[in-house]
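Shared between the two complexes below is chain A, which has chain B as its partner in the first and chain C in the second.
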Partner chain A sequence: MAERRVTVQAEVGLHARPAATFVQTAAKAGIDVTLAKVGGQPVNAKSILSVLALDVRQGENVVISAEGDGAEELVETLAAIASAP
Partner chain B sequence: MTGQGPVRGVLTGVGVSPGVGLGPVHLLAHEIPEPPAGSRHGGDAAAERARALEALEHVAIDLEARGAKAGGEAQDVLEAQAMMARDPGLADGIGELVADGVAAERAVYESFGRFRELLAGAGGYLAARVADLDDIRDRTIALLSGLPMPGVPTDAAEPFVLIARDLAPADTAVLSRDVVAAFVTEEGGPTSHTAILARALGVPAVVACSGVTAVAAGTRVLVDGASGSVRLSPSEEEVAVARNAAAARAALLSAATGPGMTADGHLVPLLANIGGPGDLAAAVANGAEGVGLYRTEFLFLDRATPPSAQEQEDAYRTVLDAFPGGRVVVRTLDAGADKPLAFLPPPGEEPNAALGERGLRLFRVHPEVMDAQLGALARAAAGSRAKLQVMAPMVATRAEAEWFAEACRTAGLPEAGIMIEIPAAALRAADLAQVVDFFSIGTNDLAQYAFAADRQLGALAGLQDPWQPALLDLVHAAASAARAGGKTCGVCGEAAADPVLACVLVGLGVSSLSMGAPALPAVRATLARHSQEQCHLAAQAARGAATAEEARAAARAHLPGLADLSL
Partner chain C sequence: MPDTAALPLDPRAVLLDAVAADRDDAIRQCGRALLNVGAIEEPYIETMIERERSLSTYVGEEVAIPHGTVLGKDTVHHDAICVVRFPAGVDWDGNRVTVCVGIAAKGDGHVRLLSELAQILLAPDRARALRESADTAGVLRLLQPIGEDSEE
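Here is the complex of A and B:
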C-alpha cells in the first residue's frame, strides 16, 4: 500500500483543470487508487464526479492511496499534480 | 416529431434582428421527461447495462467532436463533460441499479441524481457544473429512449430555422450564419440573449412568438426579422416578395457610409458593442467609428482563475489598435446576476442576483481585481492612438462614482465614466456628472430596474419595451444633466440598434450611439435622412405619449424618411 499526504496548492483547489488532469492520470493506471480528505471517506480517484464532489479547496490536505504494481510511482505522480500551484 | 402541429398560417412575434430567413424548422428540445420511477428492464441485466454504457460512450464521443469543432475555452468545457460521461462512479451506480432490475433509462437518471445532489449541495463552482451534468444525462436518456437529441444540430444539410422556448448561451456556442437561417423563440424580449446573439451574428430573429414551439419539425418557414412575421409553408411568390423587399433595403443601407450624422450635419458617432477582439472585424466592416461598449466580462467568463495582467493587456491593446484616432469605451468587469464568475462568487446567498452584489459592487468587495483591470487598461492605452474611456457598471450613487473615478485617476487613465442603468443614477445625474467625465446609458438594465421587470422573462417583454415613455424620461434626464455639466452621454443598450428609436435618442440629447455591429448601417441611413430638428420633434412626441405603442407611432409621424428604408 502506497500513500501520500499533500496540500493542494492550486488557487482553484482540486476543481476545473487540476481535477481533470488528476483524474485523467489516475484513469490511465491499471490499479485502484483513491483520494480522501484527511480523516474522510476515500473516493475513486478515477471518477471526476467523485473527485469534484469532495470539494477540495486550496490549502486543504488530501491523502492519495494505491495498492499493486507501480503504486509508489502512481501516488508520487498524483501527489505532484495535486500539489502543483 | 414530424407530422404534429400546424403547417400553414402566419404567426407573429416581435422582430428583433432584421432580414429574411427561410428554412426547415428545427425544434430545440430542452426538456427530456424523467423516466418513470419503478420502470424495469426485460431481465437481461448484462445487455441492459451494456446498452446504458454504450449510450454514455456515444454521448462522450459526440461531446468531444463538438469540442474539437468549437475549439478554445468551449473545447475545455466540452471535454470535461465527456470525462463526466465516462465516469466509472457513474457506471458503477448504473450497474448496481440495472442488476436490481431497473431499466437503463431510469438507472441513468438515478445514478446521475446521486452526483447531482452532491454537486448542488457544494454550491459555487460545483453547483454550476450541475447544468453540465444534466445536459449529459438528458443526452444519454434521449439516446436510450429514441427521443430527439437536445441541443442544436451541427451537421444539417441546409440552414435551418431554430425554434425554441428560449435560447441559452450553451445552445449557441457553435452556431453561425451558415447553419442557422433564423431564430424564433416563444419567449424572450428585445434584450433577451436570443435577440442579442442574433443581431451579433446578423441572423434574422423573432422573439415572443406565441405558439411557435407547436409548429411541426421540418415545416418550411419564412421569418421576417423586421416585421416579426413567421409564415408557415410559404408560397414561392411570398418568398420572392420578402426577399426583394429585404434586398432593396440592403441596397439602400449599403449606400449610406461615413461618420454618423443627421441630414443637417449634426455629428452622432456610431460605435459598436463588442465582447472581445473577435467582434472587431464585423465592427470595422459595418463602419463603426469606434467601440462604445467593450464588455470585458467575456474575458473572465467560464474560467476558474482570472485572466493574467498580460492576457488582459493584450486583449485591450488589440481592440484599441483597431480604431486609431477613434474612441474605445471599455466597461469594467460586469460580473454577477446572469453572469456569475467561478473565482468571484458573491459574498453571500443572493435570492435576487440582479439586485445583488454585481458590477461595481463586486469591485468594492474585490478591489484587487479592479486594480488589476485598470492597470492593464492603462498599460494598453500607453502608446495607443485610440482614445480610451473606461466606465463602471451598476453605479447607483455619487459616492460610488467618485470612488471609481479616483481609482481610474490613480491607475493613470485619462477618462472615467459610468453606466447609467440604475434609475437612481438617472434621477441624480446632475450630481454624478460633477464627478465623472461621461455617461453611457444601458437601456436594457435601466428598463429592468425602472419597471421591476426581469429581462429574462418573456411574459414581461412589454415592460422591457424601450419605447416606454418612463424610460424615455430617464434617458432625457441623464442626457440633459450631462449636457448641462459639459459632459457627454451615449447610449449603448439595445435601444440604440432600433433605427427609429435611435433618432428619438438623438432628439433626447444623446451624443453617441453604440450597438451590435450589424445594426449600424440601418441606423446610419436613418439618421442621415432626418434633421436634428425632426429628431427633437419625434422625441418630444414620444415623451408626450401615454404608452409605448403610442410613443412609437407618435415618433414615426415626425420621421418621414423611414418609408424609404421600409422601416
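Here is the complex of A and C:
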C-alpha cells in the first residue's frame, strides 16, 4: 500500500481545475486509488462527484492511497497535484 | 460527510422539458432560468459559457453543473440553482447530458452548493430521480430534503 499525506494548497481547495486534474490523472491509472480527509472515510479518487462531495478546502490535509503496480508513482503524482498552490 | 442543507431552488427555476440545439444553448437556458428568478444579471450568463469552454462542468450521471467564473461574481444577486432537463439529450463534448443544474453564487458559495449537489448525485437512485421525476415537486423534494436540517 502506497500512501501520501499532503496539505491542499490551492485557493479553491480540491475543486474546479485542481479537482478535474486530480481525477483525470487518477482515472488513467489501472489500479484503485482513494482520497480521504485525515481520519475520514476514503472515497474513489477517480470519481469527480466523490471528490467534489468530499469538499476539501485550502489548508486541509488529505491522504491519497493506492495499491498495486505503479502505486508509489501514482500517489506521488497525485500528491503533487493536490498540494500544488 | 458534511450535512446537506437545502439547496436554494425556486420552483420557477425548474424546467422539466427543455430542448437545446447544443451545449452553449443549454447553458444559456440555465442562465435565463437564473435570470428569471432574479438571482443574476444578464452578463453572468456569458461567464457561464466562458467557464465551460475553459473547464467542462460535466460530472457524470448525464448531469452538468454550469456556473459562472470569478469575473461574473459581481453580477450575482443571491445564491441560487436551477434545474433544466433536456430529455432528448445534449451533446456535452462527447458526453450525453439530460440534466443541467445551473449555479449562481456569491463569493465561494458555489463550492458548498457543488459539494451538496455532488453528495445527492452520488446516490444512483437520487440521480435517477433527478433525471426522471415526473413533476417539479419531485425535483424540489430531491434537492430540498425535508427533515434533514443542517447543523451549520
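Quick note on the criterion: the second predicted complex is superposed on the first by the 85 of 85 C-alpha atoms of A that agree within 3 Å, B and C clash if a C-alpha of one lies under 4 Å from a C-alpha of the other, contacts with A are read in each partner's own complex, and residues count from 1 in each chain.
The rule we apply is simple: contacts are C-beta pairs under 8 Å (C-beta built on N, C-alpha and C of every residue); 3 or more make two chains touch, one makes a residue touch a chain.
In this text, all values refer to a predicted model and were calculated from it rather than measured experimentally.
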| item | value |
| --- | --- |
| Touching partner for A:Ala20 - first (chain B), second (chain C), both, neither | both |
| First (chain B), second (chain C), both or neither touched by A:Asp55 | both |
| Which of chain B and chain C A:Lys46 touches, first, second, both or neither | first |
| First (chain B), second (chain C), both or neither touched by A:Arg4 | neither |
| Contacts of A:Val12 with chain B and chain C, given as first, second, both or neither | both |
| Footprint overlap on chain A, where chain B in one structure and chain C in the other make contact | 12, 15-17, 20, 47-50, 52-53, 55 |
| Parts of chain A lying in touch with chain C, wherever the complex brings them together | 12-13, 15-17, 20, 41, 47-50, 52-55, 57 |
| Footprint of chain A on chain C - complex, ascending | 1-2, 55-56, 59-61, 108, 111-112, 114-115, 118-119, 121-122 |
| Chain A to chain B touching residues, read off their complex | 11-12, 15-17, 20, 23-24, 27, 43-44, 46-50, 52-53, 55 |
| Chain A-facing residues of chain B, complex | 76, 79-80, 83-84, 87-90, 115, 118-119, 122, 125-126, 129, 133, 303-305, 342-343 |
